[in-house]
Structures are given as C-alpha cells and as structure tokens.
Amino acid sequence: MSDVIATNQTILVVGGGISGLTAAIEAAECGKQVILVEKSPTVGGRVGQLYKYFPKLCFPTCGLEIQYRRLKANKNIRLLTMAEVTSVTGESGNYNVDIKLSPRYVNENCTACGACAEAVEAEFDDEHNYGMKKRKGAYLVSHMAYPQRYVIDPRIIGTPDADKAREACKVGAVDTEMQEQNLKLQVGAVVWATGWTPYDAAKIQPYGYDRFDNVITNVEFERMLDPFGPTGGRVVRPSDGQAPKNVAFIQCAGSRDHNHLKHCSRICCMASLKQTTYLREQFGDEAKSTVYYIDIRAIDRIDDFHQKVKQDPNVTFVKSKVANIVENKANGNLVLNGVDTEGYNRYANEHDLVVLAVGMESNVPAGVLPEGTVINEHNFIELDEANGAIFGAGCSSDALDVNRAAQNATASALRAIQVVNRVAGLEG
Amino acid sequence: MAKREYSFYPGCSSQSKASSANYLKSTKTICEELDIQLNEIPDWNCCAASIGYAGGGELPRMTLSARNIALSQKHNAGQDIVATCAACWLATRETKERLEHDASILDGANQALGEIGIKVESDIPKTRHMVEVLIEDIGYEAIGSKVKRPLDGLKIAGYVGCQTNRPFGIDGESFENPRYLDKMVETLGATPVEKYDKKVSCCGGALMFSEPEKSQALVKDIIEAAYDGGADMIVTPCPVCQMNVEVYQGHINKTYGTKFNIPVVYYSTLMSVAFGRSAKEAALEGQMIRAKKLEDLAK
Amino acid sequence: MSNLNQTMLEKYRSNFLKEVEANVEEGEWVKMCMQCGVCSGSCPMGPHWAHPPQEIFMMIRAGKREEVLSSDSMWMCTSCYNCIARCPRGLPITHIMHGLATYAKRLGLVPQEQPTAKFAQRFWDNLSKTGRVNELKLGLSLYFMNGFGEGIKTALKMKDVGMGMVKTGRMNPMEILGGHSCKDKAGIQKMLKKAFEIEEGKIAENKMG
Amino acid sequence: MKIGAYVCKGCGIEERLDTVQLASVAKRDGKAAIAKEHEFLCNADGVAMIQNDIDNEGVNRVVIVGCSRRAKTEAFSFEGVAITRANIREGVIWVRPDTDEAQETTQEMADDYVRMGCAEAKHMKIPDASGEQSLNRHILVVGGGVAGMTAAIEAAKAGYKVDLVEKSGQLGGVLGQLYKRVPAKNGLQGPVDTNVEQLVHTVEALSDITVHLNTTVAKTEGAPGRFAVELATESGSTSEVTVGAIIQATGFTPYDINKLPELGGGKSPDVVDQLAFEALAKGAAGGAIKRPSDGKEVKNVVFIQCAGQRSDQKGHLPYCSGHCCTTSIKQAMYVKEAGGDATVLFDDLRTPGAVGEDFYRAGQERGVTFSKGKVSEVQANGSLKVNFTDLILGEETAAEADMVVLATGMVPNSGPDPYAQLELEQAKADGNTDRVATLEASLADAPASILNLDYRQGTDVPHLKHGFTDSHFICFPYETRRTGIYTAGPVRRPMDIGQATEDAVGAALKAIQACENAALGQAAHPRSGDLSFPKFRKEGCTQCKRCTVECPFGAINEDEQRYPQFNESRCRRCGTCMGACPVRVISFDNYSVDTVGQQLKAVDIPDEFSEKPRLLILACENDAYPALDMAGMTHQEISAFARIIPVRCLGSVNTIWVTDALNSGYDGVVLMGCQKGDNYQCHFVKGSEMAHYRMSKIDDTLSQLNLEKERVQTFEVSITDIQRIPKIINDMETLIGEIGMSPFKF
C-alpha cells in the first residue's frame, strides 16, 4: 500500500456507499485526486442490499452498475477496501489520516472464478443477508461486488480450510500470510460518508423481535425479495416458511422515540409503502397489508406514491403506535395490541408476519474526527465552520433517502473541491 | 464474606400480622444465610404508596418519603436504603429523584420536615429493592452456593409484575421480559416457565379494592398463563402482587368457573427452603394456598 | 372547594391547557404528546376508560375542562407505569393522571361514588392518622364506604379472604383497637399540615396570579 | 492497423476449450497479426506480454479472449489502442454444461466470439475529442434567490466566474421576504435569522460574481463550454456573455389562495398564505402581529396545512410541498412569542430527519397546539371561524381565530414544456387541427420562456412532473436532459431553504464539471469520459431530421442548410441518432454500424439442416449485459446458439443490423433494453422506447423476406433479471425449433 499517493490537494472520501461513491466520482470527474476508503470488502453499501427503490420501484443495482463503471473508468480515484479510518487530525487543507487495512487474504490476481469458495467447507452468517443465510469462509460478497474479488474470512485462517482455499486457487491469489497494515495519509479535505446501521430491533422490547420468529425488520424483508437471497426471492414466514398473507408494518420502530432514536429516520414510511407493493407482486389480491403509523411522511412530490398505495383496497392504514405484540403460540401468528387514535378504537389484530420499519442509526464514530468537530445529539455531522474541511455527506449528515443522499454528497464534493483548489492556489 | 449493612425500610404491609408479614419473616431468614444486616429506619412511616394521591397532593406525599429518607440519613448514615415492598421502594426512589431535581419540592419538603426538626441532607442514599441487593451485591453464584436443598422438579412462573420493573426496574433487565426471577429460580434448582407472557402484566394493584371485578379479570389471565406454562407455583417480589394473585383465586373461580388453586410465594420463601431452612423460617404458614411441594421439601 | 373551581374557571377560561400546566403535577408535559396512542394501548385498565391518556391530553388541548376533570378515567390508573415506560416522548403519564385526579378532587369535580377516589381518600386518612396503614381498619372502612347494608354484603363476600388472612397470620383482628402506628404521630400530622399549607399556597398564588 | 488477439487459458477455459484452435481462428478468420495464448492473461506477466506487443510490435487493436468486459478492467486498460473483449468465460464456459455432448457447440460458440471480437476491433478507431470548445470556467446562474445566490457564491469560491441574473430589482428572492427561517441545525431552537443580507453582501463582495438585476435571458445558444447567452434588461439594452455551463434557480410561486374560497381564500384579508404572514411578522418585528382587516393584534391564529395540495380536486396541487409543516410551526412560534395562541391543523405532520423532528418538539415545548383535523370550511363574516373534523376526538368542531394562515403549495417557476412545443410543431405538420388548438392553448397559459434556448427541441428545460424540472433518476438527482444546464431549488423539486441551499451547492459542482468535461471533449455521465461523438457523412445525408428530433437530449441542431449539427459537448453518446439514421451516415469512431454489423456477419452460420440455429442477441450494456454476466457467475444455462453483442443503448440499434442478420441466415433476433414509458429506466431517456417503436415497423421487412415475425422480438429487462434473461434466449431457441430454421443460409 506504499503506492498510495496523497497530498494536501487530495480529497479523502470515507465510506463506499451511495453517498461516498457519488462524492468521490463527482469530485474525480471535476479532475480532482480522490482516495475512497471502504471498511468492507466491497463498495455499494446499504443500497446494495435493497431490492427496489421508492417511489419508482426501480433496482438499486442498476444505478450502482453505472457508478461502478464511472469508478473503473476514472484514473483520479484510488479505491481502498477493507480500510478503516482510525484517526483524523489537523486542519482545513492539511489533515493527517490513519487508516487500518485489514487483510483480505486474496490479492489482485483474483479472477473471481470461485474455486476457493468451492474448496472451503466452513460456513458463517452472511452479513450481506443480515445473517438470514450462511456463506462460505471464502466468498464474494455479492454478484455485484466491486472490486470483483473474493475474501477469506479471518476465522478460517490457520485452519485446514485456509490451505484448501490456497491450493484450490490456480492463479496464486490466496495469500494466507497477509497482515494488517497501517497507512498514514496527508489530505486536504475529508468527505465523511459512513452511512447508517438499521436500529437494533431487539431493543424495542414490546415488539418482541428477540422473542418471536415472525417479527422481522424492513431491511430483512428487502433481502427476502432477492432471487439469490436467503429465501430465493420468496416472501415467507421465518417460523414455518409459509407465505404470509396478512402482514403488519409498524412505523417509527425505534425512531421518533426518546427511548431509542429521537429523530425521524425519514425513509421508513416510504419503505413500508414500497414493501406493500412487494406483497402485491408476490401474492396479488391475496395479500393484505396494514400500516400502523403516527404520521405518514411521504415528503414532497413522492407523496403521489403514498396516494397510489392508499388507493389499494388491500392496504389498510391505522394511525396508532402499536403498544405491544403477543404471540399466538398455536400458529405463530402475532397479536398486535393498541388503540387507533382516530376516533379511539381499541384493537387486538392478528397478523401472520410483522415487519418493523426500523430507522437509521448514524455510523459516525466517536473519537476519530478531530477535536471540536460538531456532531449533533443524533450523531450526525453538522455543517459548521468549526469543522474545517470535514464534510458530512449522506446519512452522516442527517437521515436521508437515496436521492437526497446523492444530492447532499454532490454538494459535499464541491465543498471539498473548494478547499483543495484553495490549497492548489497557495501551493501554485 | 464480610457482613453487609443496609438501612431497612420494611413498610406497613410487612409488619407483624400484616398482609406480608411472611415476606419479612422469610427475608430475615435469607439475610441470616447471606450475612446481611438490615438496620430498620427508626419510626419509619408509610410511603403513601401509589394510591395516596387523592388525599395527599404531590408535596404531602413526597414529604412522607422525605421523612423516611431524612431519618435514614440521620440514624443509618452512609447506608443504602433497602425496601422489600415494591411500592415502598418506588415511592422512596421517586421522591429521591424529585428532591434531587426539583428545588421547590426539596424546599417544601424540608420546610415541612422542619416542623419535626429534621431535614433531608445532600447526597441522598441510593434507594434499592431487596432484589437488587441479592443480584448486584450478593450475586446468583453466591446464592447458588448456599443451596442445600435444590428445588428439583419444581416448575415456577416468575411473576415480576409492575413496580419492581417499571419505571426503574432492575439493572440490565428489560421492561417486557425481565429474567431475574427466572434466573433466581434456576439458581435454586427449579425450572422457570419460559415465555411466561403475563410476566409483567398488571394485577390491578390498589384497584383490587376499588375495582375488584376489573382487577380480578387481570389476575385471572396472570394465573391462567402460569398454568398454561405448566407451573406448580408462582413467585413474586411484590406484596401487592402476592396478595392480589393469591387471595382472590376463590372469587375468580366463582366468577369464571375456573379451578385455580396455585400457590403464590415470595422469592425469599423459595430461597429459605432451598437454603435448607425450616418451613417456619420460610414462613410457609403464611401461604393462604398452601405450597405443599415446598412444605414437603422443607420437612 | 367549588369556589376554587369557579376562580380557576374564570382565570383560565380561555385556556384549560394553561390551567393544567400551572396546577397539575407534571402538567407541563401535556403539550408534548404527539398522539401516537401507545399509552392507551398499554394500559391494563384501558378497556374501562371513558377517555384514555392520549385522548385526555387531546381534550385538555381542546379545552374540554368539565369532561376531563369530572371524568373517572384517571381514577382507573393502577400505577403500572407501562405508559411511562413506552411513551416515545417521555411523558410521565402515570403522574399526570394522579395529578389530574388530585386536582379534580381539589375542585370538587370527582364523580359521585367514584370507588377509587373514595378508597384513595380513605387510604390517605388511614395512613395520615398514625403514619402507618392499618390494613384492617382500611379494609373495613372500605367495605362500609358504600353504606352499611352494602358493607355487610361486601364484608360477607370478603369473609373467606379475611379468615384466610387471619389464619395465616397476615391480618390481626385486634388491630381494630389501635394496632401499628408511628411513635411520633403528632409530628407526622404537623409535618403533613405544613406540607398541605405550602401546596395550597402555591395554588392560591395561581388563583391570584 | 494491427490486431493482436490474446487467448487466456485461466479460470478453467483451458479445461473446457481448445485454446490453440481459438488462437488459430483469430489468425485465420479474424485476421489477427498476432495471436497468443497465456496461462493467466490478467496477471502482471500476461499484461506485460500485451503491452510489449503494443510497444514493440505495433499492435493497436487488442482483442482479449477471456472474461467479460466488466471483469479485470484494471488489468486490461491499455493507453492509445482500441480494446475489445471476446467473452468466453461469463459468456461461454460459465453458461454451458461441462458435458461431452455440449463440447462441440460450446467450442463453436467460443470460436464465433473470437471472430466477432476481431471483426469489431478491425472496424474500431481510437476516438479523439473534436476540440470544438476550450476551457471556459464561467457559469451563468439564473435567479437571485437563496438557491441562485448560493450557487453563485459556491462556484466563485471554487475559482469560477459567475454571471448572476435576477429578473427583479433586488437579490434575495423569497428568502428576502421572510421574517425568520427554520434553523438548518439540530436542537430544540426556535426560528433563526435568515441572514439574507449577509448572503447578498457576499455575492456583491465577491469580485468573480457579476450581478445583473432587472435582467432576463433573451437567448441561449451553443453548448457546454461555449454557451452564448444574450441578456436583456428592462430598459431593453442587451449584452452577451459566453459561459461554460448554466444553473437555473428560478424558484417557485405560492399557489394562489383565491382558488381556495372554501378555506376563506380571497374572502377575508385576514386569511393569508404563509408568505403574506411572513410579511406581517416582518412588519411586527417581534411585536404582536397586527391583522390586515383592522390592525387588531392577533391573539389567536389557526394554521391550515395541505391547503389546496395533496389533493386530487381539480385545480389543486396533487403533491406535498415538503416545507409547509415546519414553516407553519415556525410561524406559530412567532405568534406564541408575541403572547398569542396558535393551532396547527394537520393531516400528517411532516417534519422529517433530525432537524425536522427537533423543530416539531420545539414547537410543542413553546406551546403550539397541534390537532389532526380536516377543515371543511373557513367562515369569514367579521371574525373567522374554522370548521373542522377533529380526527382524534372524532367530532365536528370549530375554532375561532383572529387570523387563518393557509399552508399552500409551491408552483415551480419553470419555462414552457419543450416537448409540448415539439408536439405542436409535429401536429401542425400532420395538419391535426384539434391537437394544434389544444397545444396552442396550453402553451398560451405557460409562463414565458426562461432560457430561450436556441435548440432544435424547444426553448426550455424539460419538465419531469407537475412542471418541476427534476431528474427522473433516484441515484442521479442532477441527471439533466439538457447537458450543461442544471436546475436547483424549488424549480427542480418542492423543498425548504435548507435543502435549496444544499441543492444549489450540488448544482454548482455539476456546472463546474460540465465546463471541465467540455474542455476535454468528454461525455458527461452515464458515459463519463467517453471521447467518441457522432460524426456523419454529409454527402449521404438526406436531411430527414430524424436524428435531430429523436435525440433524447436535444443535442442536435440543424444548420442553415438543414444538416445536423451534433454539438459534441451536448451529446451524451448514446447513439440514438445512429440508430435513427435511415441512410446510416452517422457513426462514432469506436462504435458504428460496422463495428456491430461486421461482428454479426463474422459469425459462422451452419447450413439449414445442421440443426444449429443462430440467434442474434443485442443487449443493452447498462442493464441486460451485466445481468448476463451475473447469469454466468451463477451458472444459468444459455443456448449454445446465441451470439450476444452489447450495445450502448437499444436506441442505437439500427434496423439494418436486424435485416442484415436475417439476410445472412440468423434464425432469430432478440433485443434487450431497459424499461420504457413513464417510469423509464433507460439511462438515455427515450432510447429503449425508440427501439421498440422502430422494431414494431420491422414486420414489413420480415414479410418481404416472408419470415415469421416472431423471429424478431424486443424485451424490456432489468439488471436483476439474472434468471429471466437466459430464459428469454432459450425460449427463442425453442421457438425456432417449432417454426423451423431460416431458409436464408448460404
């Protein structure tokens, strides 16, 4: 990694999700030098785990393909995967950054032929599928993974599996001796786009995510629709593999709640509306959806999608925060207790699957960014003079949908460019 | 293990010949076993519980608990206040927080206390439930090591109820599925009822007196769920829960044609038996519905 | 009492919310409710409330003073704290319900024969006399709170319970002759008297204010 | 020209195929000067081998016989040569069973791909830019509101010159009319200063920004890097600026409350919209707000959300304007601060994100009353009475108010819809008088043009929906159908001040990028960096205008002799013009009628009785081709008779390819493009749609050849159709089995 060249005129983009990719590519296509670091083995981030986007119901991988092509074609971008920023110090135009590079145990010779995966036996929870599925100890994160290069799970290093992987590789790409490395870079500006993690549903105790099989999260629901996902593209009840026909969507699961995340996560309303259409897609008229909400936040022109779903006779809206869920032990169904606040009707509704619309927990880390960086109580990076040339982008700046994240990332790229252009001016 | 001392607030119901006298008795027994010394707060008074609000407004209620706190500071300086009754614990702990965060309450309470020449000093002692002492200061392991008579073969529903669970609860436990009674039951060699989904449902509390039918309906579900889980008995950390769930089973049977007859015991009773103490020391005679299986063990 | 009601009525005519904020325990929280309804759904007595908490908060904002204060809803609170534990806005709902009940009582608006109101008062009288609750007297006073005839009926109905309690040494017939008490009875009463004065004083201020 | 073909033996290719034969096919049929095999072509040694041939053997056409063009791009990127791929890994061995029976056809498949690769290479040129425009680091911003000023400032801060054009006599726009604004930062705070003066001051202070007040754009011609813009002042004087890119930030107009009489709009001076209420608040400057009718201090204000919006009623706005909830909360705070009472009647309270939800809580803390209520009527006789259904308490009720504020929506200030203008022209040509009438009527209502583009396809930026000039793409908010022209703020999409500011910064970046790209002759996204652009053979051109009309980006104009002007820097390189051209005079250096046509002709066509049909698959490189790669990765079986050619966009498919294929004996042709229609997924907007249209016309050709029309089929596919796409192809093979082989085999 000694070949990574960075100067005060280089822009560091942290996070290879849709926001980081956008910021990096847009800056690079303005002719700027960019280093893009991603903690995981592939770029693509959270959107790579989605089935469709609202409101167009188009496929995220389609946009990723374009972004990857722009990325491959652009010589101004240096991509580092399995790279984690551990410290940023300094001031605008002059930051020192420490980066920890975890070993992939697979070098650039890899042709993604898959021989190593076939050879290895050990299996682990597949992060890409939120652990709903197993993957091999040697694996390609997804078919869309970029770089298109396999990874060896560190847990098989030192086991016979590691040797099997090495022997299976005809091109000498498996290097079990690879070590962790630390990299020090000097850069002029930092675009921070480390995205979000779905809020831990187990913490929302009344909904029993940790106790009831048929209570799942919205992100897990997305994975079910992937033909190569944990359920082969079919929506099923975890408890018995049956097709759910009466699904409840619970909004603000962990959002707008002082016991959990105080902020509104913005995307969850639209996500649930979108997911009701998945049920339509799979079960036609047989599928009923009920959305339990406080306020439906289908902001601005995409409200017409909300109106469209409202027209669907199979979708019911109940203005109510569900109080608690009890399992019907006989059939694994779930009884939702609460009160419909419109006119006050008490209900105890039985559903065969419950989808928790969990919100976004910002991934902005503690103690990595320079002292004095303004990070608000919701753990988002504010746009503030005091932050020098550290710019939060996408869901590091607020709870944003993909479109606004990409928009915001484009803006962050310009702010970074202003800094490095100023530096260039000074350095001549 | 060195002797542990606490400033003890027994509460009205655990006085001799009061509704939870048996609770106090068995608590004393386990304290002997576990080398705990309870120093009763001299001349403690009622906490007004959660039903005192109609007669006493905010300040009078707070003042009552403030008196106990002040007396504890004066006579049991430096000791945590420990209560066995959920209501006593909750009222005192709530008062502690209001006194600490609401200057006008603190001032008002101290004016009132001034009438009897005492006042609440700064740094109010921690106010804890006996269960917290057992879990945090003693620990399941130490408790397990005291077991001489494992409660083999007993299946027990851990009914936590409300006020030892909300709003404060026991550290590290969740509101909806606290596990500490189950862990306790396991520690004592018995089997807890898993997925006991009435575990934290309300028994009606004080409304058992004013709204008996409504409250008994709640109790019915609590008992039913315990039977569904195959429980031999129910264990609880709260006097109100114990009384409400135990003593009205006859009435409930009349109203609903059920055949309930399930013992409802305190964790302290279970522990006393498991620790090899006599039926008397475990206060088993205090069971309106005899806990036969425990009596047999205690023989 | 009811003249206090008049004064308050006049003073806050335009705005019941302000009245609640000024005079009800934790009343300043009412405005923070966002009408999600989780409290109503979580309440064990929910089915028996005329108006569950979230609706009461809305009614307060809508200025439905009579309906709220004279309703028996808040008297249905068992103090299970479910609502507090779950409220996404952190409203101390249990305490607000208690506060509303207390305030309604002060203004003399409690519905006739509201059993919990009566019991709660008896509980207070009982404890404030000696500083400790005398369960027997409390029990009996309770049975007879709806008149003598009723009382006998209830007493008979409760006989088995009473006997059982006595048999198991958890009730003492002799308590009728006094029973448990704090040593410093007098002090406790002085203390409570003072506390009341202070609280009444506050309300009085609001009355002028 | 010298072709080097390099056959990789790695990834199991050697085990499955006769690579010696592949190399000889490259030499014999592909006319490759050099054909080499390598154990593992993408490793350092393999790459060095190729580089050496380029440096020392004069190879300038490189054919990589191995993996897909999407794999190993870092390894196979050689400067100054044309590169093609014969995809025999994902495209052949991974989609064919490893059996003895399959061996023969699998080898034939690979042989063909080698022939096709060489044929393509032979007809490719190495593209170079036209040099039509030089670096012009100068940007035009239209609109002097918060978005426009921000865009100007941010572009200037990045070192670019800006001309800021404002129609009115002063900068500030709507922001300038506000008393205070909703905070952009988190925390339970109230309204904050707009700081509009600072913003204006900054604009005036920056020497790189030239402000033009009372000015409009009279004419815009040219292309990114060389826009010639004529500015006209009220006084009539004009001046011209030459800019590299344009940002349109013309904002919005509040929906007219006079259209809402049921809500008291226009019935009482005390019923106002949000902007009018700002004016009153500004007047009161922190004191009690006085109501218009009688100057009485307002003690009690009711705010009605979603007034005339989120409604399917005729004349109302169907959408939500996003900002109105927080705006009403802010205004309710004004009232509270002055000691009054404020009630917000809402349907859904929309205060998204961290800042939004904080502001909602702040409003509650300050005692603003929120009721979920549906207003039926505002009675305006003397005092105001708002009749509404309280949805929580479930009752009909009413609220007295000193004033009522209607939260009406945003109407975008965009120019007329260029496609309506085009359609009008077409209708006139067709003599469709009714259509002409309706279109003329609608255009008469349309606002005056903003940019007055001198474009073949209309005077302004195309609308997306409801008159907003937004991007159609979720991943690409700044996708524009007029290259080098970007819209920002509420003209693009309904939004609040915070978002408008962010939006302007992003638009500034895109404008800067457009200048830089133009200077290098590079394409903008999605074909970023592409240097090829359409060239045409003038002598062959029949001036049919199809290219100028069908270009999805309005890039092509017509010169005075009515020949096409391609305007390289407006062009997005999709090839739709090439597909459109009936006389096939349009081509790109590295992508032309020949580069594809010669590939399909290079395929070996067995005779009619061989039972070896040939299927030509033209697959869009954006979605269909990646899906095919993933079909390979997941080992979906694909017919051994398919020959797949990636195309830039289905819009670039010239029907000659299909007729050539049929004439040369192909048995079936399958076209695969992206979703078309309103929810189009085509990255070039209309490409897929055009292709479907053109193919619908091909039936005549088929019947002339008297072939069944099922032999040619067009599909809409998506990148996730990893299993469906192979099925489509295999179904075609089955179909041919049923209807029989083509007789056109020679």
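Just so it is clear, A, B, C and D label the chains in written order, and each chain counts residues from 1 on its own.
One rule holds for everything that comes next: a residue touches a chain if its C-beta (ideal position, glycine included) is under 8 Å from a C-beta of that chain, and two chains touch if they have at least 3 such contacts.
This is a predicted model, so every value here is computed, not measured.
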If you tally contacting C-beta pairs, which pair wins, C-D or A-D?
-> A-D
Could you tell me which chain lies farthest from chain B when each chain's centre is the average position of its Cα atoms?
-> D
Closest to the centroid of all CA atoms, by its own CA mean, is chain A
Roughly how far is chain C from chain D, going centre to centre by Cα mean, in whole Å?
-> 64
Hey, how far is the Cα centre of chain A from the one of chain D, in Å?
-> 24
For chain A paired with chain B, centre-to-centre distance based on mean C-alpha positions, whole Å = 46
What is the distance in Å between the mean C-alpha positions of chain A and chain C?
-> 50
For chain C, residues that touch 2 or more chains besides their own = 34-35, 54-55, 86, 89
On chain B, where are the residues touching two or more other chains?
-> 175
Using the touch rule from the top of the page, what residues of chain D touch 2 or more other chains?
-> 349, 372, 392
Each pair of chains that touch: what are they?
-> A-B, A-C, A-D, B-C, C-D
Across the complex, what residues on chain A touch chain D?
-> 18, 22, 25-27, 29-31, 53, 56-67, 69-70, 72-74, 108-109, 111-114, 143-144, 148, 170-171, 227-228, 256, 262-264, 266, 295-301, 303-304, 307, 319, 341-344, 376-378, 380, 382-384, 398-400, 402-404, 406-408, 410-411, 413-415, 417-418, 421, 425
Across the complex, what residues on chain D touch chain A?
-> 10-12, 40, 42-43, 67, 70-74, 154, 157-159, 184-187, 310, 312, 318-322, 348-358, 372, 391-392, 394, 465-466, 468, 470, 472-478, 493-495, 499, 502-503, 505-506, 508-510, 512-513, 516-517, 525-526, 528-529, 622-623, 626, 630, 633-634, 674-675, 679, 681, 683, 718-720, 722-723
Residues of chain C that touch chain D when the two form their complex = 14-15, 17, 31-32, 34-35, 54-55, 58-59, 61-62, 89
Can you name the residues of chain C that touch chain A in the complex?
-> 34-38, 40-42, 46-47, 52, 54-55, 86, 88-90
What residues of chain D sit close enough to touch chain C in their complex?
-> 341, 349, 360-361, 364-365, 367, 369-372, 390, 392-393, 397
